[in-house]
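Below are structures written as structure tokens.
Shared between the two complexes below is chain A, which has chain B as its partner in the first and chain C in the second.
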Partner chain A sequence: MSEKNTVNVSAAAPRKFKRKSQLEMVWIRYRKNKLALFGLVVFLIIVIVSISTPLFIDYKEQVIKQNIMDKFQTASAAHPFGTDQFGRDVLCRLLWGARYSILCGLGVMALSLSVGAVLGASAGYFGGAYDQIIMRILDVFFAIPMTLMAISIVAAFGNSIPNLIVAISLGQIPKMTRIIRSSVITLKDQDFIEAARACDTKKSRIIFKHILPNAMGTLIVEGTLTMGKSIILIAGLSFIGMGIQPPAPEWGAMLSEAKNYMLNYPYLMYAPGIAIVLTALSITLIGDGLRDALDPKMKN
Partner chain B sequence: MVKYIVKRLILIIPIIFGISIILFTIMNLTPGDPAQMLIGDTYTEEALDQLRAELGLDKPFFQQYIDYIWNALHGDFGISYRTRNPVFDEVFSRFPHTVAITFLSIIIQVVVGVIVGIVAAVKQYSLLDTVSQAITMVLASVPDFWIGLMLLLLFSVKLGLLPLSGIENWTGYILPAVAVALPYMANLIRLTRSTMLDVMRMDYIDTAKAKGVPKKKIIFKHALKNALLPVVTLAGVNISWMLGGTIVIEQVFNIPGIGSLMITSIRNKDTPVVMATVMFIAVLSCLINLATDLIYAAIDPRVKAQIKG
Partner chain C sequence: MAEKLLEIKDLWVEFKTDDALVHALNGVNLTVNKGEAYGLVGETGAGKTTTCKSILQLLPERVGKITNGEILFEGKNIPDFTEKELEDFRGSKCAMIFQDPMTSLNPVLTVGDQVAEEIELHNPGMSKEDIDKRVDDMFKLVGLLPERKGEFPHQFSGGMKQRIVIAMGLACQPDLLLADEPTTALDVTIQLQILKLMKDLKEQMNTAMIMVTHDLGIVAKICDRAGIMYAGEIIEDGDIEDIFESKYHHPYTVGLFGSIPDLTVKTDRLNPIQGLMPDPADLPTGCKFHPRCPKCYEECVNVEPKVYQLSPSHMIKCHLFKDIKEGGNE
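Right after this comes the complex of A and B.
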């Protein structure tokens, strides 16, 4: 790719090269990383599946309806992944389960990123007593183990999907805020911020227009990694019965049901686990790829 | 040094207060009346009221919190609403299991993680490096409870080597410890490898090479000591996470540790037990963080100078 670029610059159309946006440059660097590309493809497939399942799977008929006559069938043409203890098709449940993981994962990422960005950027920019108060409060949340925090919130407010998203985000916000705060602190003394201040730009505009876009790389990478972790956490919560409840086919809840039949029908435990691993792995690969692609040191 | 330690210990106090307020509020919002859960199906209104008064549940929320803190400061953490045993007995009868898993697991992850990390860095781009890179990438994305289930299937159900559930002797700790260790180990391998690679590029390693120092000595004496610094920090963080993070794994292996105590207590609105357990874990992780920083200072003279100053 780099050879092609130099050719562009020296000969034919130097302007065309200049016009490449930041986003294009990131994409050019990203796609060089084959693993990251693989992660992106897998993730997109999972997202497409999770959006489109209602089009070809009927939740009431195919996902939660019990057909005791068909229970514990091994793989066949009609049921490629077999059926579970209530005769429900494992493949249908698995595909439907992607919805919960993707929805919760995206929700946690969006919530913890936006709260973390506002808290971290303002604490880092204003400093002083405000910074101290915010950071000390977050220290307290940081000291409570994440899973415990999530379980107690779910116990107090009920285990709906929005509550789960809030419960898990609360555990991620302190870390996110710290990361954003430290990158804002390094940014705020730079000349272009000084210039903006000299022009009497509003503080909120400086933070949202000038500082946060520059910290975007860190934000995106942390956001993706958080999403991967929270998908695993949600599966764990559902597994111990404090998350999404059966008969909903959340992958952790499926594993929790399958555990009861482990001795005789271990095959029920393979597919949901592999689905969690694939999803989390694809997101981790994307995060790693983005980290490299967004790193200015990696620029050609 | 002493001044630094005292300062760090004092900083724990507001954190514990904060945790107590947050948890007390959350537990208060949890639906259900502990007195009603405790008394069973057949009861008279008077008996219920009496029990409420006995547990201090008839007072307003704020008064309850003040009472709790006042008693806690005097070393009285109350009695469990569920079993009516002192909270301390409840917590300490469960704690050894969790500690056993945590420490077995940290030994596994540090020993394996550091060795594999060093080998991968020294033999960069070798087959072993590539394989270990691939495995760590996958391991970091595998939920520990699923690893636990798969290990159970292999070693307990198929091979019959290890117990299926519960803790009869120490062999019961092996599988849970390995299951918890693997995802953390993946991070340790990655970190050891990357810091080792960074250190190996330093000028003083080149100097040592130029002086003709044998390769083994360079790796173990010059490089490893510097590469271990971030590893110590990560291992410390991992310990404090595992103390509160073995909840799910304890459910897989039916281990009566802190995790299962927390779940039953939260479900039964057993506020005193929940409060004591979380505060205990929080104090412990603050102390472990402090210990990590002190170890760090002991290894790195540059940090030591900062702490002393």
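Right after this comes the complex of A and C.
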């Protein structure tokens, strides 16, 4: 106790500022939000699982190999989540399925965020005819329901994973662009942007260094929401047979197969259903926590 | 005679909005010599900030336009500058300090980064350590601890933010500094410190300065020359002695001085100039001040006054002085 007091007194003489790195500060603020922390843990587990599954699961042997003798077994030590109508282990399939969701989710987020940021920021900053042209074209896309558009693109170009990512991103880009554009418009008339122009910062630098970091909160929340949404959308597409096709253990496809046996073997639906919800939820929670943590104006 | 740094000749600026054509500047003439502080005084809406923004070519795109006149910086017309010349001009030859320190710093960048950016942009190839050292020097110069450069703008008080803004303005040692009401957002004690700082810096670095302000006290304290602005034109211009000591003044200047409360005389009410600034979208005919002028007569309503040179340094734009012309302060 007494030691603490003396430290406080002597600290007044040579002022030392304890310096924490940017990342440390973000982490300290993020840590305070317990729900976000929960989301992060769940998400990390899912990511680790999706990366590491090939190490301990053999796709040919354990994931898609049919074994009719073992069909519809309930939970046991050998098959913790039971087996499905072809005798395949549900847990193995579930773990493998995480890869599809995470890959597609990240792909959609990256694509729609980068296209949306470039289009939205330039439209908002330059305004005028350029803005009008871009926004009117995007309005056309906006008018088509997202799922419908994804279905038609997949139907036209085939249902490979890159096609799926593009199809779903196209539905997200207009909204993303709109959000980024509106935050750029409110930011660009701020005094500090004018100050940046007064010391002749280049336009691209103003947009990417001065404006976009200020819109980062919105960007991150939108990005993560988009990721969560697109995971659900992919599952939905696979559920109606337009996405990733069986026998690949995509969660939506697993649900779709399980629905035929729903009345007799409902446990088959629990695993993929809960996995989808948990993934989407954890990502949304992370987005929420990050928005607060990244804002340097938030009081500690 | 001092060397001319900036000369504005008959500058007209219009803002075209959807419902009106706003005449923001109507023939501004002013000269700033090297190393000299020029005070620009006037009511809100007189065109002081517009003048500064015109110099830096920062008028809002598509809305604001220079319709006539020249802005000569070291003899070259700024509106004719190419993109490249403008790059060279902004920041390194001419910098601006904005009115409100609360909003003119980017909230998501550390203050050190913001000062460093300015130095980096105008000294390409400068090493990271040199930039760092320069930032430290700038912080010390404006009386801030260099250790705090890693902090964000919201962690500073208003007066400190204003110092940072000044540090940014001076970081590249510009020849001309446009200070747009740099002390309006501050209280009087900080105001004094900042003004003292600016005066010292001006003397140390030999920077010319245009000081935009409402406050004649500030002009008296740090400026060498001053111009009184009204409705987009400079109606009186002169050395600081001309503005404060001469017995001839534009009626508007008389009104401005009249509205400053006097410490030695007991009064119950302040003594403002009657009326309001004219709507710049609908300016009066003749002399733009005539609806408010106590000495207005017929000619003022119909004929725009000429500029009368009362002494080599002192000029007034008012009909009352046409008979005096060149006679000095007699």
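Heads up, the rule we're going with is that the second predicted complex is superposed on the first by the 272 of 300 C-alpha atoms of A that agree within 3 Å, B and C clash if a C-alpha of one lies under 4 Å from a C-alpha of the other, contacts with A are read in each partner's own complex, and residues count from 1 in each chain.
FYI, a contact is a pair of C-beta atoms (placed from the backbone, for glycine too) under 8 Å apart; a residue touches a chain by one contact, two chains touch by 3 or more.
Note that this is a predicted model, so its numbers are computed, not measured.
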Superposed model, chain A: greater residue contact from chain B or chain C = B
Ask   = Should A:128 be classified as contacting the first partner (chain B), the second (chain C), both, or neither?
value = second
Message = After the superposition on A, what does A:69 contact: first (chain B), second (chain C), both or neither?
response = neither
Ask   = Taking the superposition as given, does A:194 touch the first partner, chain B, the second, chain C, both, or neither?
value = second
Request  = Look at A:214 in the shared chain and tell me whether it touches chain B only, chain C only, both, or neither; answer first, second, both or neither.
outcome  = second
Query = Both chain B and chain C touch chain A; at which residues?
reply = none
Key: Contact footprint of chain C on chain A as seen in their complex   = 15-17, 19, 128, 190-192, 194-201, 209-210, 213-214, 216, 296-297
Request  = Write out the stretch or stretches of chain B touching chain A in their complex.
outcome  = 14-15, 18-19, 22-23, 26-27, 29-31, 137-138, 140-146, 149-150, 152-153, 157, 241, 243-245, 247-248, 251-252, 262-263, 266-267, 274, 278, 281-282, 285-286
Remark   = Listed in rising order, chain A residues that touch chain B in their complex are 35, 136-137, 139-141, 143-148, 151-153, 155-157, 228, 232, 235-237, 239-240, 242, 252, 255, 259, 262-263, 266, 269, 273, 276-277, 280-281, 283-285
Key: Parts of chain C lying in touch with chain A, wherever the complex brings them together   = 56, 58, 62, 86-87, 89-91, 95-96, 98-100, 103-109, 117-118, 121-122, 145, 147-148, 150, 152, 154, 165, 168, 172
